[in-house]
Amino acid sequence: MRTSRVEAFSDGVFGIAGTLLVLELRVPEDGTDLGRALIALWPAYAAYLVSFLTIGIIWVNHHALLEHCRHADRPFLYLNVLLLMSVAIVPFPTALVGHYILSEHGATAALLVYGLGALLIAIAFSGVFFYATGNARVIGDAAEARRLRQDGRLFPIGLVSYSLGIALAFFEPKASLAVYALTAAFYALPILPLPRR
Amino acid sequence: MRTSRVEAFSDGVFGIAGTLLVLELRVPEDGTDLGRALIALWPAYAAYLVSFLTIGIIWVNHHALLEHCRHADRPFLYLNVLLLMSVAIVPFPTALVGHYILSEHGATAALLVYGLGALLIAIAFSGVFFYATGNARVIGDAAEARRLRQDGRLFPIGLVSYSLGIALAFFEPKASLAVYALTAAFYALPILPLPRR
Amino acid sequence: MRTSRVEAFSDGVFGIAGTLLVLELRVPEDGTDLGRALIALWPAYAAYLVSFLTIGIIWVNHHALLEHCRHADRPFLYLNVLLLMSVAIVPFPTALVGHYILSEHGATAALLVYGLGALLIAIAFSGVFFYATGNARVIGDAAEARRLRQDGRLFPIGLVSYSLGIALAFFEPKASLAVYALTAAFYALPILPLPRR
Amino acid sequence: MRTSRVEAFSDGVFGIAGTLLVLELRVPEDGTDLGRALIALWPAYAAYLVSFLTIGIIWVNHHALLEHCRHADRPFLYLNVLLLMSVAIVPFPTALVGHYILSEHGATAALLVYGLGALLIAIAFSGVFFYATGNARVIGDAAEARRLRQDGRLFPIGLVSYSLGIALAFFEPKASLAVYALTAAFYALPILPLPRR
């Protein structure tokens, strides 16, 4: 099966998950000093920033991977649905972090859930990646599949760094968010080559 | 008419319906023990999981069916609109189930509505399927249409199992959700062949 | 300019506007009799039905029109943006109608706003239609443009029937919703031919 | 890499950001005079209008630019993600303006945030534009890249006029919204040529 419709559906979910993040930026109540209230929302802006960039960067890598794929079979489609399901959750932990990162007893739980969500995405992406590159039929060329898998050998690093962020949530929740942001930045590096078309 | 734009519109609705589910995962109120409050949300996570996978699996089957279709005529388009209308409702029964499955007097009504929504999808998908495969022009090849209809003879099984789930909602609402999840799992089987392109 | 990206953007807005309608189906509060509360929501279901089908039918007609278009110029793009802006409003009047159709003093205002929204869509669609068919360059074939305009001579009937529905809103709000539903049903007729591809 | 998937993802975000604006049009509470309450919502309608048209016009210009692009590389993709992130924020300042433009102490802050959001979009779009036209590989033809950059020399005017609007927010918030609307109208002019395909 062609991969073009996989891309359309995926682009839809990535785009919507990113755009729904804005719904967590809530207009402050009347009667307050609006300027001050808007400044106090900064954790929500920070969470928006980290999550939107994370989704954008995953999209770029998904894009890079699918440009190498020729045929989608059922396991590939289901692994991709699992990836999309994890990405679609992102607005929930983002709202949690925006709301609770400054709270004394809520910050750990919020950052823990954020990390679990990110870990889920990393696992699902690894699933899609290893299935595609371990399967000559999906890529359509065994040599290219091997090369891609070799190129992407650093891909599973998110599994480690998100776990680290989760552990940090118990001690320093804000440092935990920094680890999540840095992990996204790592994935922004050109790990997978873009086809030269 | 080409089917590519039918696919784009459908992918949009499938993707959005799936992603809107996350809006029903609500950030718990301040002042509570956040960790405990998040654990208490487990029925909402379960409902998210069942509904997202259901939508993802319907998308895969829709995809498989439309890959065999060459021409879309007006009845086909309207049947597809009815299918999308049913899929777009999913966030509502999902929220009901997430909210009421543990409630003593609400669980039956919630699972009943969930089952009715699922039944509506099964009826609409059957409509699209039988129209497409009963109509040489849509598939563009009478032999392939017959083969597809033969392959999809188990498709209407959802009509039976969703009805069963609805009946169960009156006695064991949680078992009812399990029946809905199992029905989705059944449809994940390779019933319709994917084209070998 | 090719029309394919016009279609992608339009499909996105149509799909999202349709799917956002579900957010107006709100989970009833705890502590009520859920079954009864869900039945009392019937005006919201009716409004969902009329609005989703209206959007679906507009999408089919938009689709039919754009299949005949070869080139999009700037005025065409802006007229299309105005159409999408009107379609994207639909969830608001739908929520109004679902909430107020049974209310004694709110029903007229709600149905009036619904009719104004529908009228706006009819005006914008007429704008796109007359611009495209009055302009040999958009269709790319003067004879086909003339034929299409001739085929679509009943298109502006919505301007009349939505105005009628608005007038009715002052006397019989429920009859007004019926007029809006019938207008959608009228547009489901095969007014514009689908290309025989 | 081909630019078609960049377009699909971008169209998704543009379409969703535009359509989410409607969620800020809130159904007035029961028990009020609905007609009067709906008229009192006019600032929200004005904000919807300005924001939807702004997004629609950015989409047309994005469309015009990408029609000239042949190859997307990683910096191009990330600049585009930054642009989409800015566009996806629009519903938040729109809601602020709709809610606070008539308020005595909130109007300045609301219009200031709206202007900052618009400025962010203008900066990000300039980034995409200058990267694409300064890079023979993205456009795929050095002469065409030079010509485009020459055509788009008025593009950064938004940086100036949005800054002006921000300054005005401190004295005349309503005039500030007018400046934002006029800036969008300026970008509706045919600055970038559409390819004659």
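Letters A, B, C and D mark the chains as written, and numbering starts fresh at 1 in each.
Note that a residue touches a chain if its C-beta (ideal position, glycine included) is under 8 Å from a C-beta of that chain, and two chains touch if they have at least 3 such contacts.
This one's a predicted model, so the numbers in the text were calculated from it and none came from an experiment.
Under the over-half criterion for shared residue numbers, do copies subunit A and subunit D use the same patch or different patches to meet?
different
Which chain's mean C-alpha position is the greatest distance from subunit B's?
Comparing chain centres, D lies farthest from subunit B.
Would you kindly tell me how far, in whole Å, the mean C-alpha position of subunit D lies from that of subunit C?
Roughly 25 Å separates the two chain centres.
Starting from the mean Cα coordinates of subunit A and subunit C, work out the distance between those two points in Å.
The separation of the two C-alpha centroids amounts to 36 Å.
So which bits of subunit D are touching at least two other chains?
8, 12, 16, 20, 23
For a test of understanding, state which residues of subunit B touch subunit C in their complex under the given definition.
Within the complex, subunit B contacts subunit C at residues 1-2, 5, 8-9, 12-13, 16-17, 20, 23, 71-74, 77-78, 81, 84-85, 88-92, 95-96, 99-100, 103, 105-106, 108-110, 113.
Please output the residues of subunit C touching subunit B within their complex, sorted ascending.
Those residues of subunit C that touch subunit B are 7-8, 11-12, 14-16, 18-23, 25, 27, 30, 33-35, 38, 48-49, 52-53, 56-57, 59-60, 63-64, 66-67, 188, 190, 194-195, 197.
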